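What follows is chain A paired twice: with chain B in the first complex and chain C in the second.
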Partner chain A sequence: MFDVLVIGGGLAGVTAALEARACGARVALAQRSWGATAMSTGALDIAFAPGSPSEPTVARSIEGHIYAIAASRARHPYAVVGSGSALLAIADGMKLLSSALEPSGLTPRPWEAIQPNQPYVSSLGALVPAASALASHGPVTGGSVACVQLAGDTHFDAKHVAKAAVHDGRTSWGRALDIEPVMLRFDGSLPPIGLAQRLDDLGAAHELASELKAVVAGVSAVIMPPVLGLARHRETLATVQDAVGVPVIEALAHLPSVPGVRLQRALGQALRAAGVVLVGEVVGAETSGERVVAVQGKGGERLPAKAFVLASGRFISGGVVFDFGCREALFGLPTVTELGALEKDAPQNIVRADPRESHPLMTAGVQVNASMQPIVEGRIAFANLFAAGMVVGGFASRFALCADGVALATGVIAARGALA
Partner chain B sequence: MKTDVLVIGGGSNGTGLARDLAKRGVKVMLCEMGDFARGATGASSAMIHGGPRYLLNDVETTKHSCVDSGYIQKIAQHLVFRIPFLVPVPKSFPYGRASLLLHDVYFDVYDRYSPYKNGIPHAKLSVEEMLRIEPGLVGDFWGGVTLDEWGIDPGRLCVLNAIDAVAHGATVATYTEVVGITRGSNGEVTGARVRRRGEATVQEIEAKVVVNCGGPWAEKLAGLTPDSAKVKLRPGKGVHLVYEKRLTNFAVICNAVDGREVFVMPYLNESWIGTTDDDFYGDLNDLSATHDEVAYLREAVEHVLPDIKHQRLISTRVGVRNTMHGWGVHEDVLSRGYRIIDHTAAGTPGFYSLVGGKLASYRIQAEEAADAVCVRLGVAARCTTHEDYLPGGDAIPDEVELTRAYPIDRLTARRLVHRHGALASRVLDIGRETATGYAVVDPAEPVLECELRYCIRHEMVKRLSDLTMRCRLGVGADQGMRGGLRAAQVFAEERGLDTTSMREELMGLLRSRWRAARPVMTGQQLAQAELVMTQYTGLWQLPTLNPVA
Partner chain C sequence: MMMRWFKARMVLGTALLRRVLLAPVLPDHGPKPWLGKLANEDLAAVPKELWSYVGGTSRCIGCGLCDSVALPHEAPSQWITREAREPSTANLGLERAERLEELAREIAAICPARVPVEDVARLIRANAETLAQLKR
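This part shows the complex of A and B:
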């Protein structure tokens, strides 16, 4: 018998499981496969509410963004739990995450709620605001920076990345940046994951480092495609870093994302190290009146627990499904969007014609109270069920960069609720 | 700007006509308000068929398109491919066991036309034989009948016609809309006023003859002169559903709830279910499939091929037919015939409209329109479009040899030969220019970087999204997620665009894919949309995004 059974092994589920373990509970975690967390860019977004050209928001503090989001979006989890509680929970979650990621060398970059977001360069060629990021990424702030092109690499085009980052530095951040592409002969024609695996071999890492050293003399930092090792990322990064002697920054990734895979792997290792029992996919739930009694494993096994945390993600992970009607997949809970309850509907009505607009359907998930308990028709669905992460409705990372902040905050709050 | 003939419309009729006239030595200009084939042509079922359906009430159309189909197969041999059809005969048909026989007899008649289009005669199949071909079929059948048709890439057909027209002296302007037709003191056509996309100013084009090839827009275009009464269409909206992969071996014809025929058809590396046909009087520039249309098509196929339910529906194709007005009670019996209207009698000499018709007989329609124009201009030259190859149509390179000469695999070679025919090695030579020239940009197709560069340089590409019609960029299940960024970088490089324009181009591509996929954004495809949205649109619009209240 477990105290807490967490469904979902993304950032939200792992945060909940680690928090519950830290409180001394017996914890199991069910995971079907990797989800959104394994695709994420390497940035750890907490809060960024975009402004308009006349009202830029890059200078606003992270705290200020949390207040702004909570004030303008009534169904956003930050509004539901309240800005103050959200901030505290995020800080606690970040501490958990930092120590969980320490052995893998991914320890997040330091951040402070009273500081603004920092400009991180992405391999899409954008200077995006983020509160923090995994260790290998870093803000681009000044000096003369080299942006590295590996030969034959089609996933990262240094020319475009440099050009776009300089453009965004000027237009969005009000900074004149000096970033120049440099060519390496090092063969980069493998897909990103393959390249990262090749660079797990420290011989290859040394080869890359010595090539790099020859071409980047005199720069204050180096931007690299995010491929510096997978399983041995920590050593690979250090090898390159030591050879060059200046900070080596990996760009945030687009898909397929090496940093996302590193993060997901590191979370798995942290779970094992913390003594969380790992079970596979769960396919059904057994409830009795106001309580969830157990969930069923894929092989038919019955997994009872005192409390459950639902952290099964949104559409990408199948935590929420939509086929002209929308529901949470495991318990069949109804869903809400940032605009309110979601009726059975055709996508035309809840996905707007221009991808850049705000799409109600993309914010669909379960409705929760301030303790992260799913709510159905104004009542708590099950007294011992709590939700965390993208399965919670009312927000989309796209409109206010906040996905990881929400995962951390709701993960912590859900775990505490489950143990209360 | 001065020309002899101004052709309005870059669908199969307009591009076919521009090519025909240019090859006869006539000075011709073509204006298309969007990209090629963005109207009925690009939304069609893409079949160069005789239309056995029309046998019942329009034998002329059937024969016409069979004959012309034969020519198209010759001049664009690389672009056409055989699509075998299966017509299961369900026991619920009203004539009992005789139903199968009736089908057999019916297609005997169709077979008479099939030599014109290099068709294979139909075959009558027992239930067992039918199930061997399509094991997924469920239901009570007497048996089935096969027939075969030809498919084509309609977007490329238009592009190749336009390229050949330009090679013979024509001027072709896409993203250029005709906003007025100018007339002289006796009402005769003197030219047109056109406006380029994104520009406020209107330019005058002088022309002795103007030909309206506006497809479903033809009525509106004719309305730019005082005699709009002469062009009457009965616009019928047609929707196709696009599935991620080939789901059947043959195209299978099924019956919808209202008795209409609906097919599921393998098309290149995907499958289409089509079509609907409903009167449409809405905005031709803002088309999308409705929930009812999606449900109607899905249900029609699901009751004989239930497994389709679990297959990944990725997108839609929506268009409006340019059918001529008629008095039929039911949409399907309206004529697919065509007419070349000389507006002289109605007071606008020099103005012609080519209305109705089919993709399958675009060439002969264009020929007849060109004949009429040439009579007016006193040009004696004869049509050669049935004999002269379209660009790349003169030979089919050997796939295996291409894989030896260039670092590409067999599938890539095959798809490249399909699109470029004899020009495939010209496309591949471009790969030598850059270190990543042979890298696959869009794995769904697959599309190579060198093919993008070739199309951008030589195929009248104005916008990044035009590449969808050139080499199917972004049509796969990921809707441009993987290929979009790289394609935008290549496009920016070739055109010297700055960062802002590059992002706008990428957004343009994603938006056009998004619009097509939106009506079916459910299940897995919704997860895909969530990915696209998270990866691209969140990151790039930040400085200008206003938070919703």
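This part shows the complex of A and C:
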């Protein structure tokens, strides 16, 4: 019998498991496969809310963004738990995450240093606002910066990235940036994850570093495509950085995401190091009255626990299914979207044509109270079931840039609720 | 500008009059006979197995996570989305089908969309076989 059984191995599930473990509980985590966390860009999105002429967005503190989101989106977890509680839980979650990622060298900037959102270069060519990021990513603040193009790399266009970042810096951030593309002969024609695996070989990393050193003299920083090693990222990054002698910044990734795979692997290692028992996929739940008694493993095994944290993600991760109506996959809980409940026969309510709007199906998840307990028709669904991360529905993280903040805050709150 | 406006309305008005006045006497060359011809072509039904393949491969969301279980120069994510859908080059994909079968178990453990990789490999093989028959 476990004290807490967490369902889902993304950032929210891992945060909940580590928080519960830190409180001395016996914790198990069930994971079907990698989910949206392994598709992370490398940025840690805490909060972003559009500003106004009197309060420009770029100058607003993270607290200000959280308050603004909570004030304008009633179903957002920051509003449900209260922005003050959300802020405290995010800070605790960030500390947990930092120590969990320390062995893999991915530790993000400390929470105290996160004020306000900073401009991070994206591989697609834009300056994205982010509160923090995994260690190898950094904001572009000024000076003369070189943006590196590897020969034959079709996933990263340094000329485009440099041009777009300079444009974004001027128009959106009010900064005159000096970013120039630099061409290398180093072969980058492999797919991103393949290239990162090749650079795990320190011989290849040295080859890249020496070529880079010869062409980037006099710059204050170097922007690289996010491929600097996968399993041995820390060593590869250090090799290149030592040779160049200035900060080497990886751009935020698009898919397939090397930083996302690194993060997911590092979280798995952190779970094992913390003594969390890893079980496989769960396919069913056993309930009795108002309590969840156990979940059923794919192999038929029965996994009882005192409390359960549901962190199975949304539609993309399989936590929400859309067949005969839209419902949460394991317990069959009803879902709520930005537009309320989804109707199966009304496709315009599932996918909307305007790219500026979120697709309601992608915002579908369970409704929760301030303790992160799923609620059905105004009543708590199960007394010992808590939700964390994107399985909580009714808001679009894409527009509030808050996915990681929500995962950390709800993971911490759900774990504490499960142990209360 | 006025001339274009006037001409456009003339064309529309004439077309409307022709439609109303001449429809009872002229044969209808509209969409109905065209659709009828299509029905007479007696197109073969799509086999159920093919739909199941399509369902499986279409599930791929292009996240690329499966690349992390392959060798550096391999990109199973691209094979899944591309090779299975290009029957004209299926014979070139045979090697990849074999490799996908080898990686199937590892990809199944990592794929968030549960793409049935063994089915994809089978589809590549089936496409290659059809292509070989056509070439004979």
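Quick notes on this one:
The rule is simple: the second predicted complex is superposed on the first by the 398 of 420 C-alpha atoms of A that agree within 3 Å, B and C clash if a C-alpha of one lies under 4 Å from a C-alpha of the other, contacts with A are read in each partner's own complex, and residues count from 1 in each chain.
Definition applied: a contact is a pair of C-beta atoms (placed from the backbone, for glycine too) under 8 Å apart; a residue touches a chain by one contact, two chains touch by 3 or more.
Note that the coordinates shown come from a computational prediction; the quantities given were computed from them, not determined experimentally.
Because the two structures share chain A, they can be overlaid on it, and in that overlay chain B clashes with chain C. When the two structures are aligned on the shared chain, A:V261 is found in touch with chain C, with no touch to chain B. In the superposition on chain A, A:I179 contacts neither chain B nor chain C. Residue contacts after overlaying the shared chain place A:A151 against chain B, while chain C stays out of touching range. Shared-chain residue A:L190: touches chain C; no touch with chain B. Using the contact criterion defined above for the overlaid structures, shared-chain residue A:I66 touches neither chain B nor chain C, since it reaches no partner. Ranked by how many residues of chain A each touches, chain B and chain C are led by B. Of the two partner chains placed around the shared chain by superposition, neither chain B nor chain C is touched by A:A270. Two complexes overlaid on chain A leave one chain B stretch from 109-117, 163-171, 217-225 or 487-495 clashing with chain C, and it is 217-225. Taken together, the two complexes place residues 36, 39, 255, 316, 318 of chain A in contact with chain B and also with chain C.
Within the complex formed with chain B, the residues of chain A that make contact are 36, 39, 48-53, 56, 68-69, 72-73, 122, 124-126, 128-129, 151-155, 157, 159-160, 163-164, 167-168, 171-172, 189, 254-255, 314-316, 318, 321-324, 338, 346-348, 351, 353-356, 358-359, 361-362, 396-401.
Contact residues on chain C toward chain A in their complex (touch as defined above): 61-65, 67-68, 70-75, 77-78, 108-112, 114. Interface residues of chain B facing chain A in the complex, by the touch rule stated above, are 288, 290-291, 294, 435-436, 439, 441, 449, 481-482, 485-486, 489, 492-493, 498-500, 502, 507, 510-511, 514-515, 518-523, 526-527, 529-549. The part of chain A that touches chain C in the complex is made up of residues 33-36, 38-39, 190-195, 197-198, 230, 255-257, 261, 316-318.
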